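Report on the structure given below.
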Amino acid sequence: MKGVLATEKRGIRELGAEEMVGWDEVTQGVVLHSFDTEVENVAHIRPEERPYSDFNSYTATVASWRVIKPVYNRDVCIDCQNCWVWCPDTSIISRDKQMLGIDYDHCKGCGVCVEVCPTNPKSLLMFAEAEDNEEALAKWPEKKKKEK
Amino acid sequence: MAITSIKNLKEFSTTNERFEGAHLLCPGCAHSMIVRELLNCTDDNLVLATNTGCLEVSTAVYPYTSWDTSWIHIGFENAASAVTGAEAMYKARKRKGTLKDPDAPVKFVAFGGDGSTFDIGFQWISGAVERGHDFTYICLDNENYANTGGQRSSATPIGAHTSTAQAGRVSYGKKQKKKDIVGIFAAHGAPYVAQLSPNKWKIMAKGFQKALETEGPCFINTVSACTTEWKFDPKDTIHVTDLATDSLMFPIYEIINGTKLNILYRPKNIIPVEEYLAAQGRYKHLFKPENRHVIEQIQKEIDEKWEYLQRREEASV
Amino acid sequence: MADKMELNEVEVWDGNYAASQALRQAQVDVVAAYPITPSTPIVENYGAYVANGYVDGEYVMAESEHGAMSACVGAAAAGGRVATATSSQGFMLMLEVLYQASGMRLPIVLTVVNRAVASPLNVRGDHGDMYAGRDSGWVQIDAFNAQEAYDLTLCAFKIGEDLDVRLPVMVHQDGFVTSHTAQNVYPLSDEEAYAFVGDYKPVDEMLDFSRPVTYGAQTEEDWHYEHKAKQHKALMESYKVIDKVFEEFEKKTGRKYNRLEQYMMEDAEVAIVALGTTVETAIYAAEQLRKDEGIKAGVVAPRSFRPFPYNEIREALANVKSVAVLDRSCPMGAMGALYNEICGAMASTPANPLVTNYIYGLGGRDFAVEDAKNIFREQKANADAGYITTELQQFSGLRGPKLAFYEAKRS
């Protein structure tokens, strides 16, 4: 997780908390550049290595939208990447075919990842936003018997 | 062209996202699932255009953009014109040698909701497809004008409640049928036309890749379940989409050159449409005894359509 | 490489042909257009250049004017030279996108062959379409004949694409009277014309993948105002570049253009302010009146309708006693737009001339030399009386009982 979740610019400010500059400083033609410097092919650069500009929503956070949050349990996870493919908020962090965790700056707490997680017990579960992740992990349910 | 491996999800997950978080789409919105998948299934450079709608108002609100690719929004109706204008410029500059990187592979894609695809932007897409530009148009079909609070569009199915086709004491919601948008663009003779769904991620990714690889105008209608206006819990987006494809409310198929239809997904157990309808608040009123006939009608039309698609596939037309 | 076209020192071209030749010589990268009378020949002529190898760029025949201008916006954002043509209803259909083009600061060139706006349907020239564009954020330049339509179209690229401007530019010419009347036109050679216009300089282009860019973001009450104000400033200050380009053009061709054209204004006591082909009619009338009736008449014509030449108007009319402002568009419930601009300019000067408004020439109604003379004579009467002797707004050349509005309140 280190160096992936801890990149400098992730979620540095709440949406709407940006500096309100005057007419002389807004961009010409209302354009927004995604990066501060030239990039070769973004598709080949990992997010943690990109020169995100302050205009990129990557630098903002929507964490305050959440009332419940997904908690991830590495011990049960089989790295199937279901959660990755269906997360609507680019908030499942996967690198080298491994699920690493949740981007809590961008996760809105929809719960889709939990629904699509196939393990038993699930490797992702929703908890109250205020709940401590360690405590949540401590209460993780046991494997459920198949009902039939 | 360079293309991301979609052999399995593990490999697919190694792609580097070009659609960023902290956009403003509702929690659980299928739009971003579809858009992410499109962006993830290629590593070519992209020029994207988006009609006004949920996707646009949620991903480019000054001073933020959620796009790591070139992207343009002009108006409600004209993303197809914008992207094909850019495509024309690409051809001209390539010929004249004024491109900064003339060898960089590039793909042109336009997104629109069903309102801007079936209704207000219909003519613009039709024109762009007829002109034969090399681009892909993707409709994010959530069957209503969700961005403005859920009004009917010509993609709204019969029986659904919307704010401008309401269910009430004497009304069962929308009275008119949904346009067959896939058939319409197939009839343009477009080389690749399909209806795809994000719950079937691999079929969708394959379809996207096929469209991007195909030279000429391609049109894809995607099922985009809308938690807000279809009225279901955000966590259930994929579940509701499963019901949509498995009840055949949204059959998954492609049409090549307007003349060859292939069914891309055959549910093992076809479920009655009632189950799909029951999962959403917008169809709640149909379960009143006086409206039951609408459910029967929907089921009948689904059966007929499925029969028709199968016959076309069998006959290879 | 596109073939060069050998042109004679003097050609016989109508305004449409002149405009299409300028587009060809500027080596436009993308022309996206839709035909409409009376500007259709511009895109037809251009189509012939395409078909015969005189054009390297792309030629996109859209499904409507809205689609055409939308494709122009997409093309311009992709970093190349873009132009199109339209008139009247087509202009109205484009209107939504005109605002978007200027808001995105895309230097598209639009040749507008002015035509009346329905209803009732009419294909003849008036300035209804030009006026509809006056708040759209485009530079609007007016050509009064075919030569000017050619010259100013070349200038338009250079003005709009200048790094200090980066705004779209319209070049107007009157429907039929200019667009379909063949005149002697002195063109530049292909090499000279292109050398004058210069290579296109991309800014924030969508095809530079090393700098991905988002165009068309939404701004609400916290950002919209700042962006609009910034855009207004760019348009207000574009006059500097317009002057510079006109100067360069004069050096090259000897043909001198000014943001405000003035004819016989040195000693003028009365003046007509007008746009388009009417300017030449008014000049002719003024010459005759000076000779035959001793009326010191002059003519003032904004070459640049946007940005509007306020300061130049103030100077030009500083010593004039009575001014007639001619609007070739029905203002519908107000004074004419040009009238209001002139009054706005003059109200803050000590000169305070008598200014009245004439509506004329709607739907291609002929405006004869005699009509212009009558208007001058009424100005002379005002000047002699020292007050306005007519209503403030009069309709010239209209059948039926006299139609006029607003009594003057100073005498």
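All chains are identified by letter, namely A, B and C, in their written order; residue positions are counted from 1 within each chain.
As a convention for this text, contacts are C-beta pairs under 8 Å (C-beta built on N, C-alpha and C of every residue); 3 or more make two chains touch, one makes a residue touch a chain.
It should be emphasised that the depicted structure is a prediction, and the values quoted were computed from it without experimental measurement.
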| item | value |
| --- | --- |
| Chain closest to the middle, measuring from C-alpha centroids that were averaged per chain | B |
| Far-end chain from subunit C, centres as C-alpha averages | A |
| Result of counting contacting C-beta pairs for A-C and A-B, higher pair | A-B |
| Inter-chain centre distance, subunit B versus subunit C - centres from mean C-alpha coordinates, in Å | 43 |
| Centroid distance [mean C-alpha coordinates] between subunit B and subunit A, Å | 25 |
| Rounded Å distance between subunit A and subunit C, as computed from the means of their C-alpha atoms | 53 |
| Shared-contact residues (touching 2 or more other chains) in subunit A | 26, 30, 32, 34-35, 41-42, 55 |
| Junction residues of subunit B - those touching two or more other chains | 45, 60, 62-65, 67-69, 104 |
| In subunit C, residues with contacts to at least two other chains | 209-210, 212-217, 219, 223, 227 |
| Complex contact set, residues of subunit C against subunit A | 103-106, 166, 203-204, 209-217, 219, 222-223, 225-227, 229-230, 233-234 |
| Residue numbers on subunit B that touch subunit C, as the complex places them | 45, 47, 49, 56-57, 60-65, 67-75, 77-78, 81-86, 88-93, 95-96, 98-101, 104, 106, 123-124, 126-128, 130-131 |
| Touch list for subunit A against partner subunit B, complex | 11, 15, 18, 26-27, 30, 32, 34-35, 41-47, 50, 54-62, 65, 79-82, 84-91, 94-97, 103, 105-112, 114-116, 126 |
| Contact set on subunit B toward subunit A in their complex | 9-25, 27-33, 36-37, 42-45, 59-60, 62-69, 104, 198, 201, 227, 233-239 |
| Sites on subunit A touched by subunit C in the complex | 20-24, 26, 28-35, 38-42, 55 |
